[in-house]
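Letters A, B and C mark the chains as written, and numbering starts fresh at 1 in each.
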Amino acid sequence: MRGSAIAWLFVAPALVAIAVFFVVPVAAALLLSVTDFDLYGLAGWHNVRFIGLDNYLHLLQRPLFWRALANTLFFVLVGVPASIGASLGAALLLHSPLARLKGIFRTALFAPVVTTLAAVAVVWRFLLHTRYGLVNHGLATLGLSPVDWLGDPRWAMPAIVLLSVWKNFGYNMIILLAGLSAIPADLYEAARLDGAGRWALLRHVTLPALGPILLMVSILTMSAHFQLFAEPYVMTLGGPAERTVTVLYLMYEDGFKWWSLGPASAVAFVLFLFMFAFTLLQARVARHTGAA
Amino acid sequence: MSRRSPAARRWSRRQFLGGAAGLCAAACARRDEPLRFWAMGREGEVAQKLLAGFEAENPGLRVKVEQLPWTAAHEKLLTAFAGDATPDVAQVGNTWLPELVALEALEPLDDRVRGAGLDLADYERGILETNLLEGRQHGVPWYVDTRVLFYRQDLLAEAGFAAPPRDWDEWTRMMLAVKRRVGQERYAVLLPLNEFEPMVALWLQQGDELLRDGGRRGNFRGPGFRRTLDFYLSLYDRKLAPPVTHNEIANVWNEFGRGYFSFYISGPWQIGEFKRRLPPELQGSWMTAPLPGPAGPGASIAGGSSLALFRRSRRKVEAWRMVEYLSRPAVQREFYRLTGNLPARRSAWDDPGLAADPHARAFREQLTRVRPVPQVPEWERIATDLRLVMEKVVRGDIPRESAAEDLDRRADRILEKRRWLLDRRARR
Amino acid sequence: MRRPVETLGVNLALWAVGLLTLFPLFWMVSASFMAPGEASTFPPPMLPRAATWANYRLLFAEHGIVRQVANSLLISLLATALSLLFNLTAGYAFAKLRFRGRDRVFRLLLGALVVPAQVTMMPLFLMLKEMGLVNSYAGALVPWLASVFGIYLVRQYALTIPDELLEAARMDGAGEWTTFTRVVLPLLKPILVTLAVLTFLGSWNDFMWPLIVLTEREVQTLPVALAVLSREHVQDVELMMAGAVITVLPVLLLFLLLQRYYMQGLLVGSVKG
């Protein structure tokens, strides 16, 4: 019994911190989301009303919320496959026995991951400049016409996807690389004896073997993609024409620009629900298709 | 509700910091912290210079000016209020005063104004009234401002016009003529999609109330807004205005100099900027004019900035002394010379430079035809929505027919809390 | 026989991807040494005509960025220390000490991972406001006190410590605390470094919460100050690049130095049940 008490002392500081600064705020956010806490509320609690589910209902009627949701889903549905595809490609290259200088390239490809997002977003804002940006300059040398990346409503979100792929593909690349080296060599030998070509090997040996890792990686990547905020904050301020307002950006503007903390809490919970639903969905689909 | 006094809270925070970081000890114990003064844009740049005299008169008293960019200033003031980090004195756009007053963030100044013998009769009445909220004076006007037309005389002359436009029809004819000359790549007027002021100014010309029922509901479905909207959108339809924001323009002065556009609606601070930033050979070819209206010379926004004292300030006596200093006619004249802003005190207008400045003439005339925007705390947010909806209509994201209805719906929703608060107050 | 061609292909591809990946960082550094306005000319230059320190000088002399460097350093170091303090003991206890409800509590903790931290931001801000901690380092540090991820990381590693070692220490009469400091901590050293590196980089790069809770320039961290500055100085490309270099360089160097530990944490952290 004494040992048990001491053990509790070991975990108590962490548990108390998590309770006070995480569990309690989550509960408080739920309460806040059923009030109309706003700027007037900051002046005094007597200006705050209990309004039930009104924040949620109003949210569903707000065009900007649906816009933000559509933008976020675009980022998730385009960005996640693009990012994982890039990771997989890079991992396969690095894993190839023919590759030289593997260590150096591994570090180089990983470097963007550790950089500061806010800072590289500033860098990319200029790289994507319509007239003076090097991205368009590169397109021009390839004979392509320039794109108004951050000013054209159709291109702003793809531009952010581009930055995000560049910034993040190294992360999953490392995990997939570890997965690749764990695939037993005799699997390949056996397939080769059956006369499988390079594509057949990739499709029938490599990818199935990576299945569980790919699933885990895509769940983690997806939940990170749902939380897109800094890129639009730094690069576009949600524009042009609200095409880069994400759910989290909406929460920030509602909550910390206009100080409508009640409605902002409702936005946060809706985001949470979406992330949760998507994770479950993905796990289920994976189970059905036998990837996990 | 029991709340610890601000001083106690501050102290405990300092203590915590000291303990946690062991760094604050020296910096935070200082008693002679400087007065904190927030000012925006160009005003922020010159404020320190302007206050040199004040610091000389008050040995031991230092003023620390923080310069806020205009685009971030409103947000920053609210954030400071939320984070209990308001300065001692701030320049506050007078359309923002209702908001800060509703939050009880500002110190009423009636007694101090009386005690100092500040001559309020010397101030433009319409502007002074924007500082009078809930029956009390919450700011002292610093400078007055309104929006007028900046235009390129040379390009207009090339298009065959010797004088600026007086009404919308004439203006439209000029813009079409200019557009014919400058061609596809250039335009006639710049109305940045991230500014709502030009649109609001044109709307105020209609004589409508912008909000109805005593600021309880939007009035976007009124005939005045309809006419303004049609005119405004026609400028984009006819390719007279480029569908861009400031982000894409980047440097307004360069583009104005290059003739990317010939008309621009802006405020008096732009006089100084144009004088400084346009090349010498262009200095003779730009001018200002009062805003053209739907039928003859039109109204514009009663704007400007006031100096306000924050309730949380612990140095109110010194802070007020600074406001008084900045309100002296001589200092107001100096302020004009540094910024080109029109001083709020009329007695400062006899400054020879100001009286002779041809660019300031349009502002003096326009100031006789100004109207305030609604004095409700929610106005900034409603105007921001107006800007957003306009951008979306111009970009073709939402049909123009539904714009007014959409805006009314947004405004009514934003004003819901205000209606409740007003009703509650009426019940008491 | 196809070998040489294939080798060439793989390595060319690798070089191409590597250069493309590093290019934005290279350009950031290069542009930070350009004269004001130089980057906004056509065609866009790759290298400065005449390299200058002017942008860095301006950042330090006029914008006083040394203050934000200090803020970032201090907050990241404190976050790292706090995170070690809270997570090491807890992670070890969840792995090796026996107490009632241990596994249930741990599962609850893992379950909490599905709730995104942003949900807590609104109430947390109000809490800190009541405590007068908005615009204080303490306010920025709150999320770093203890983390489920940190506890998990330490626990996974601590599971590999053989029980016999602990038993032996206890037989020698060492109390639980002495066992922890004398026997366990030295064994946990690799994961301790990993956790420290991850926390330092994480808190240095953190953006949204510091943006919310640190509104005053004097207490802001580098990323937040840079974002604010870049809104005010849209046209000063070269100055912003210098700011980006100052922000990115420390973490990049730290990563290069402690790469091994970082990668280890990444792999342990993501291979979870």
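Just a few scattered comments:
Keep this in mind: contacts are C-beta pairs under 8 Å (C-beta built on N, C-alpha and C of every residue); 3 or more make two chains touch, one makes a residue touch a chain.
Bear in mind the structure is a predicted one, so any value in this text is a computation, not a measurement.
Per-pair counts of C-beta contacts peak for the chains A-C. Distance from the centre of chain A peaks at B, each centre being the average of the chain's Cα atoms.
Centre-to-centre, using mean CA coordinates, chain B is 40 Å away from chain C. Taking the mean of the C-alpha atoms as each chain's centre, chain A and chain C sit 17 Å apart.
Touching of two or more other chains is recorded for residues 256 of chain A.
In chain B, the residues that touch at least two other chains are 79, 82, 247. Within chain C, the positions touching two or more other chains are listed as 125.
Against chain A, in their complex, chain C makes its touches with residues 3, 6-7, 10-11, 13-14, 17-18, 21-25, 27-28, 31, 39-44, 85-87, 89-90, 92-94, 97-100, 102, 105, 109, 112, 114-127, 142-143, 145-148, 151, 176-177, 180, 201, 204-205, 207-208, 211-212, 222-224, 226-227, 230, 237, 240-241, 243-244, 247-248, 251-252, 255-256, 259, 262-263, 266-267, 270-272. Considering their complex, residues 3-4, 6-8, 10-11, 13-15, 17-18, 21-26, 28-29, 32, 89-90, 93-94, 96, 98-101, 105, 107-109, 111-112, 114-127, 129, 131-134, 137, 166, 170-171, 174-175, 178, 216-217, 220, 223, 226-227, 229-230, 233-234, 248, 251-252, 255-256, 261, 264-265, 268-269, 271-272, 275-276, 279 of chain A touch chain C.
Chain contact summary for the complex, chain A toward chain B: residues 36, 38-40, 42-43, 45, 47, 49, 58, 130, 148, 150-151, 153, 239-242, 256-259.
Remark: chain B residues 9-10, 12-13, 16-17, 20-21, 23, 66, 69, 71-72, 76, 79-80, 82-85, 247, 250-251 touch chain C in the complex. Contact residues on chain B toward chain A in their complex (touch as defined above): 1, 75, 78-79, 81-82, 99, 102-104, 194, 244-245, 247-248, 377, 381, 388, 391-392, 395, 397, 413, 417, 420-421.
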